[in-house]
Amino acid sequence: MRFKQLLILAAAVSLPACASGVGGGSFGYSGYSLVRVKEVRVGNDSMAVTPPREWNKIAGSLFVDIHAVEDWTQNGPYLDGISFVTGLKDGKALVYQRRRDDRQVPKFRSNMTPPEIAAMIESLFRVRGGAVDFKTLSMTPRPFLGTNGFQFDYEHLDSDEVRRKGRAVAAVINGRLYMILFDAARSHYYNALLPDYEAIVHSARLV
Amino acid sequence: MNATLSRRALLGAGAGLAAASIGGAAEARILPRDMVPLIGPGYRAVDQDEKGMWQLMERVEEEVSGSNLLIKDPQLVSYLGTLIGNVGGPAAKDMRIYLARIPEFNAVMFPTGFTVIFSGLLLRMRNEAQLAGVIAHEGAHFLRKHQIRQWRDMRRKTDIFSFLAMGAGVAGGAAGIYAGDLVQLAQLGTLLSLLKYNRTLEAEADAMGVRLLADAGYDPMAMSETWQQLIGELDLSAKYRRKRRRRDFNIFETHPSPDARMADLKISAAEVRQPGRVYDAYRSRYLNALAGLRPSLLDDQVKLNDPGASQYIVNTLAKDGWNGLLRFYEGEIWRLRGSQSKGDELRAAQGYAAAVAYPDAPPDAWRWHGVMLLKQGRSAEARAAFARYLQLSPNAPDAALVRQMMAG
Amino acid sequence: MRRVCLALLASVALAGCVSTRQYADVEFSPPQGDYKLLVMRPDVSVGSVTTGGMVEPRADWTEQARANFITALKAQQAGRGGNVLIMEKRNSLAAVDADMVAELERLHYAVASSIALHRYSGQYLPTKRNRGLDWTLGEDAVTLGRRTGYDYALFLYAEDSFASTGRVGLQVLGIAGCFVGFCAPNVGGGGQFGYASLVDLRTGEVVWFNVSQASSQIAGVKFGDIRTPEGAAQMVDRLLDRMKPGRNVRRRGRAQ
């Protein structure tokens, strides 16, 4: 999972230099690649989805990545994002963190119930996403990838004072977490992109 | 957080040097009776450079007051205003107070007399005297014109490292995860070097703070207690992460190492007590004032999953008596830490079971109690717990899911 | 701090370069004729860069610069034939409450940061290639336009800093220190930095965006000093005046 502040840090690290043209792009960040309108494998390739229009995949990273997680965005991570979690194993966290970090995102456990997974997502936003307020809007059963999953709707206020809204659909299959999470600015962007997200979730299948 | 790639790390060497240059040899204790206010009521900037700083601060206050990160509960704000009135000295009527919903232990006084208090501070203070002590300390920075003095002091330094320290202090930050104005202030505790006081200024604020506290009838020992609590929290936090307490915790950027200061504070506190006068910590009216907010304060803290810090805070609050709320959050701490080797899930289950025995257990305690029972295979008991949850919280957002869990 | 992000991201400090890059929506035509423009609270500040590299805000300079900037803005807009209101505070509009303005400012900040990141800092989004400026403030901006009768909203930020004499002797390649409300993106010798973002309130879309940055790595070389009317006009000019039409409009123009 990438959050806005990672990009801020990446930009901050770049030393000033006289650039010809616009921004050298020399942050070491590989940038974005195009996701076309056809079925594509995501994350560790154990899940496939079909987007209804082109999206941008956040490709590669300066930071150690979680192989099971892949992120897409339409307008940039400040405004919207869809994250795919594919087969996250017991004992792994959604983000890279060190054992000695004071504040940590809880690790996924195979025996987690939906409320625990939702709570893990909430802590993810509070610990890593800069959320100062987080509210659950609803949690309902929802079939996902041919099994009993659940849907988690939430809202949060972040430290950049922007309100964001999100939806996660998830299931634990063979002890591993599969999830598609959508998060976007509550003003305009969430509603504008929700249909895309729903289409992607409906198209999702295990491969 | 990936600190290696933060600006703090890049400028770390410079910052280290800056810290050294800002520090100094141990000084004689500053006497509270020497600390007189340097400003009076209705104070306004006079000198050119101070005016510039004020104008900037007015913009800052405009932004702060318009922020949606503020807690605007009128009773609470009015309560805090009363405290400022008690310990604000001559500027008591001029000072403004803003309460921000940010789970950090910090309070920041700006050179124009407005202060931002972070909700993490309210969580940690045990009584009104402790909170008033922090306000008195911050107010003293204003009354002694520390900010402009520090500003001018920084200007004199041609040392390149002072700039680097500014850069590191401002943009490096503690965890660096927050990007908003207010939150940056909380974590950094500095506004450039304006608020990055050196030991002398800190000692002045301590001495004056203690005096303001005692004058208002508060127990002046409260200030040293606050520091003891913070150190205890940091120690336990580090212990649970199996490491040494970090020396560069953000609070220490603005308030350098407390050992000598605590000793001085204790002596000063004894000094300012007048024989025959009664001093109080005013715990019950403080607990009353904060009663409505405390659940969300605990929630904000515990969900950060810093188990040592959260446990310390819960234990500190529990010194005034355990209740359902505190037992519940103790359960939450273990559930979030989730260490299998330490049997955290079992401890969490026990915590929730203990919580629901109290009448004030929050509805969520019943839901989590049910989840734990379900995971232990005690389905009938789980169903009962879930039913209780739904009864207490009929409009719960996760009702549909809980009903499914009840159905098995 | 919200502004830190934008300033840092757009901070490609250039030795003695003036760079102005503007991006426009493909169908963008610079506003002409009888249009009504709402200028959201413009943020202008001026300071001097001290020896240690600190930017010290100067109240007198800032007031002067703000006044000059607004005068220049009004003149420039009058020259284009528009009606302009410059908002001083969030509650400066009768028909809209301060909260709504606040929410729009916050959203705009996220959008402007995105534009800066994905247009100016090299983090291009492939889906936006050849689409001009493809960002919007959405329905809330349209509501603002409808309630107030304004056609466009302009978001502005401008700053300037000057090396005071002590600074000249010291060349430091520093990374900016920023503090709330005021950023110093380049400490080579002081410099100007600004952005302007034009939102069409009939659609909510950001139709034009420009970042302007002029800096001198050689302390002592000054660009138009925005404390003076001429310098402010130059800054406004750099930001706004040479608004170019969008790509499709230019093509159609050439085809004729």
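We call the chains A, B and C, going by the order they appear; numbering starts again at 1 in every chain.
Keep in mind that, in the parts below, contacts are C-beta pairs under 8 Å (C-beta built on N, C-alpha and C of every residue); 3 or more make two chains touch, one makes a residue touch a chain.
Note that the structure is a prediction, hence the values are computed from the model and not measured.
If you draw each protein chain as a dot and join the dots that touch, every dot ends up joined to every other dot. The chain pair with the larger count of C-beta pairs in contact, out of A-B and B-C, is A-B.
The chain with its Cα centroid farthest from the Cα centroid of chain C is B.
Closest to the middle of the protein, by Cα centroid, lies chain B.
The centroid of the Cα atoms in chain A and the matching centroid in chain B are 31 Å apart.
With centres set at the average Cα position, the gap from chain B to chain C is 36 Å.
Along chain A, residues 8, 12, 160-161, 163 each make contact with two or more other chains.
In chain B, the residues that reach two or more other chains under the touch definition are 7, 10, 68, 171, 179-180.
Counting partner chains per residue, chain C has residues 2, 4-5, 8, 106, 175 touching two or more of them. The touching residues of chain B, counted against chain A in their complex, run 1-2, 5-7, 10, 67-69, 101-103, 171, 175-180, 182-183, 237-238, 241-243, 300, 303-306, 309, 335-338, 340, 367-368, 371, 374-375, 397-398, 400-401, 404-405. The touching residues of chain C, counted against chain A in their complex, run 2, 4-5, 8-9, 11-15, 17, 21, 103, 106-107, 109-111, 113-114, 117-127, 134-140, 173, 175, 186, 188, 204. Within the complex, the chain A residues that touch chain C are 7-8, 11-12, 15-19, 22-27, 29, 31-34, 54-56, 73-76, 78-79, 160-163, 185, 187-189, 192. Of all residues in chain A, those touching chain B in their complex are 4-6, 8-10, 12-13, 62-63, 91, 96-97, 99-107, 109, 111, 113-116, 118-119, 122-123, 126-130, 132-134, 136-141, 150, 153, 157-161, 163.
Within the complex formed with chain B, the chain C residues making contact are 1-2, 4-5, 8, 45, 47, 50-54, 56-60, 62-63, 90, 98, 102, 106, 166, 170, 172, 174-182, 187.
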